[in-house]
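First subunit A sits with subunit B, and in the next complex the same chain sits with subunit C.
Up next is the complex of A and B:
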């Protein structure tokens, strides 16, 4: 009996140690997404390059694609452009959701679409262009509805317009192979 | 000159007034402050959205303001945010099968401690009883009494 009493605190201590040890290797930024397995929220947003064209969830449905939240102001997004362009070459459909920064009315110049278009064209020519097209989320309303906390973030949307994956952070070969490729393949099967 | 300064000052006052949020009642203002204090910024770890100036916190604050102005109550605004950003975004976690351990663990530890205490006390008493029962003490006592008596006459 004494032996058992000795082992109870020891095992509790070991369990606590394991629990705390696992905390050392966990990513504090990782959180469960609230939008997985839900349809895309309703929106009507203009195309970045052809503002007269309005995108809605219905127009996007039909095949599985990646919705990549990005901005030219975001260094991590710029870093992942090259790898995303590689994925596009492999046949992955990627749609950009342009996350525009809010503007301070006192200090910032007012929003100018032509400047932004020029900026984006230049950036994509430099780093590689992974996008079929870009949707401009000027007020970040769709981003808020999708639970976007910053850029870059990437969603996998299936052919019926249901969100199947939500990745916070950049996409690199490790993330793609370890996490997203399987989901993409699962939902791109006919 | 004075007139120009006065006009400039008035202009500044007008600008700063625009920055301030307009509410219809004190209850609405209080609700807004309560909500921005208990909603957590998803970008910057451990700051509420009232505290943070991250883009997403600014947007969430603005949305909270809009929803409060629309007359939504506390639970409706919380649901709106939790539907988009998950339970992470609220500083009061709901009771579910993961969080229930936060409340259960201390109770279970207390019960374990009480159990060990009761067990030890019982085993001590059992030891004391067996010691008294084996008769060696009373035999020794009888011997002492006998020796004392034999010395007396």
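Up next is the complex of A and C:
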């Protein structure tokens, strides 16, 4: 009995290594999204290209779609544009949520809509345009309510405006086929 | 060319460390004196090689050789020269080389200062250190080479050192902390060598004690410097954040503190052996686990290094070999070692046992709090996070009984203590502590039952009890004056460290209770009142540093119409990394800090400022410094410097 006692530290350590090993292969930043299975938070935000047009959750409802948080400043977002455009060609409805970076009042130029529109048009012409339209989240309020931690992030919203999936990081063929396509199919059935 | 020489030196160091791991071990197996004697020159040669490698890396940084990836990513030609040197250990790769250098340094020190040890034990200890060295040098060389070049393409300018690391505290913090971490490797090696030989006694404990103390000294100082750096550089006025990386340094500290106390029992009374050995293994094991946590990306932390699963896997396998192997040896050997000493319930042995229980409980709580999110997630239960309130509350509950015991401990004799002779001096100390605590509260015009009162009571109890105990011992050795001269250095070291703990407790409790802060919008000429001080913003003007721009704010502080001081706070914008850093203005006094950090520019030519008055915050670091000084004083004790102790030579022979 006494002999066994002295092996306790070893057993505890081996148990710890198991956890550390599995921890090594999972992303510590990955969290369960708090918005899944909840309706889109209330918002009223302007269209990026036609600022006189205001989007609200009600106007978006009716059809399952992907809400893609992105910005021209974000290299990963730019990289996924081509694949998203391919998805659009297959009939997937994608709405962009343009995430504008906070500006330092001391060091950065003030916000200018015309410059941004020009940037976006140019980028989409270069990389491919997956978007039906873009919603401009200038103060990042909707992104905050959705629990966005960075760009790119993508949500799948069903026809009733309920969030069904939240993906952090870019969408590539592997992510789409392995994770998101199934959810999209499930909720796009009438 | 010099960079390649550095790479070569590191490769040599690897070869030497492998030889150091194998040759003396084979020598101990064959009982061959010439092979055992090889250990010392190998250890020293290994250290010299590592030193040359580090110097080559520093040279690469000083000469802004941007063909070296590490230099290009962590330095720039506009960086001041002293930060170019510290940038050499600011990245994962560089800090790993520093780690290796420190480890090789400790190994060389053991080789030089272990003349008194039996040759066999000496050979085994150095072989184990060689093995650990080999593991880390290989990691540096093959998994995170600091000398890797990006030729033929290289940038014309570097990406600059992370501005967070451009601070004086950062020059000192990593080297001291690493000295502490890897210092526990020595105690670890002593424990393994003794497990191989199967003998533990007072002599063994006396050999280990100074090494464990030295490692503890550096770790204490390193943690304290880290806290001081965070206070000055992060701009929040906080001094401890329970961040996983901080916790990774706190766990070996707690285990190390338990170790130096448990070693005292093993040395003086020849008991607690299996406990002491386990702690010696645990202190280093926790350092290694900490290194793994920081460098593998398993946990989310503000200051973990860039992550790479390959590195994590290497470290995990290394951990498994070193810690798993040592615990296996422990399990198979230790049960045969028995302690004979007898002691009563009220004895110093029991109180030190209590000390160990509390310290290890604290260590376990930190461990659990740090790793619980990982356990929770890997068990498929979703993600959680554990914040400072959990740790704060747990440490509050733990520190009350711990401090009560700590005040009592030094008075109690080994084996057995009668309660009655202690009652009157301890009652006196308790009354004095109560009077002192209430007196301080009365001067602050805030007599109430709060955290500060508890902190003052416990601090005064521990501190005054430690002082009174020294006087009492001195009186027993003749007159107080004679006695104070006769007490040995380690006794003073203990007293000083305990007073350091008392000072720390008071600092934490007072700061937590009485800190006042305001976030204000100010224009030049505006004044705000906080805790009796009047802060007037006199001007804000643009800054122009070597590698940064930004703004500086000048403030005048007065109290009751009298000028107190002038404060200079900066908000720096580092051009290359495009990051904003806060350089807080601090006016420090023993009784309080005035702390101002400059925030954003607001519309209307105004600025956001965070103003804090933090009473007794200096005491937190002063406590840490006193503990460090206590450890230093103990190290200077004569008995550790005697070359041969009576009986040690014969005892040593039996280690075979």
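Throughout what follows, the second predicted complex is superposed on the first by the 172 of 190 C-alpha atoms of A that agree within 3 Å, B and C clash if a C-alpha of one lies under 4 Å from a C-alpha of the other, contacts with A are read in each partner's own complex, and residues count from 1 in each chain.
One rule holds for everything that comes next: a residue touches a chain if its C-beta (ideal position, glycine included) is under 8 Å from a C-beta of that chain, and two chains touch if they have at least 3 such contacts.
All values reported here derive from a predicted model rather than from experimental measurement.
A.B. asks: Let me test your reading of the model: by the given contact rule, A:149 touches which partner, first (subunit B), second (subunit C), both or neither?
C.D. replies: A:149 contacts subunit B only, not subunit C.
A.B. asks: Could you look at A:90 and tell me whether it touches subunit B, subunit C, both or neither (first, second, both, neither)?
C.D. replies: A:90 sits against neither subunit B nor subunit C.
A.B. asks: Which partner does A:5 reach: the first (subunit B), the second (subunit C), both, or neither?
C.D. replies: The answer is both, since A:5 touches subunit B and subunit C.
A.B. asks: So, A:37: does it touch subunit B (first), subunit C (second), both, or neither?
C.D. replies: A:37: touches no partner chain.
A.B. asks: For the overlaid complexes, name the partner, subunit B or subunit C, with more touching residues on subunit A.
C.D. replies: C
A.B. asks: Looking at A:20, would you say it contacts subunit B, subunit C, both, or neither? Reply first, second, both or neither.
C.D. replies: second
A.B. asks: Subunit A residues touched by both subunit B and subunit C?
C.D. replies: 5, 28-29, 31-32, 106
A.B. asks: Can you check the complex and tell me which residues of subunit A touch subunit B?
C.D. replies: 5, 28-29, 31-35, 101-102, 106, 140, 143-150
A.B. asks: For a test of understanding, state which residues of subunit B touch subunit A in their complex under the given definition.
C.D. replies: 15, 42-43, 45, 54-56, 58-60, 63, 82-88, 116
A.B. asks: Which bits of subunit A are touching subunit C when the two form their complex?
C.D. replies: Checking each residue of subunit A against subunit C gives 2-3, 5-7, 9-10, 13-14, 16-17, 19-26, 28-32, 104-107.
A.B. asks: Which residues of subunit C touch subunit A once you look at their complex with the stated criterion?
C.D. replies: Residue positions touching the partner: 274, 278, 281-282, 285, 289, 292, 296-300, 309, 312-313, 316, 319-320, 323-324, 327-328, 330-332, 334-335, 371, 373-375, 377-378, 382-383, 551, 573, 580, 600-603.
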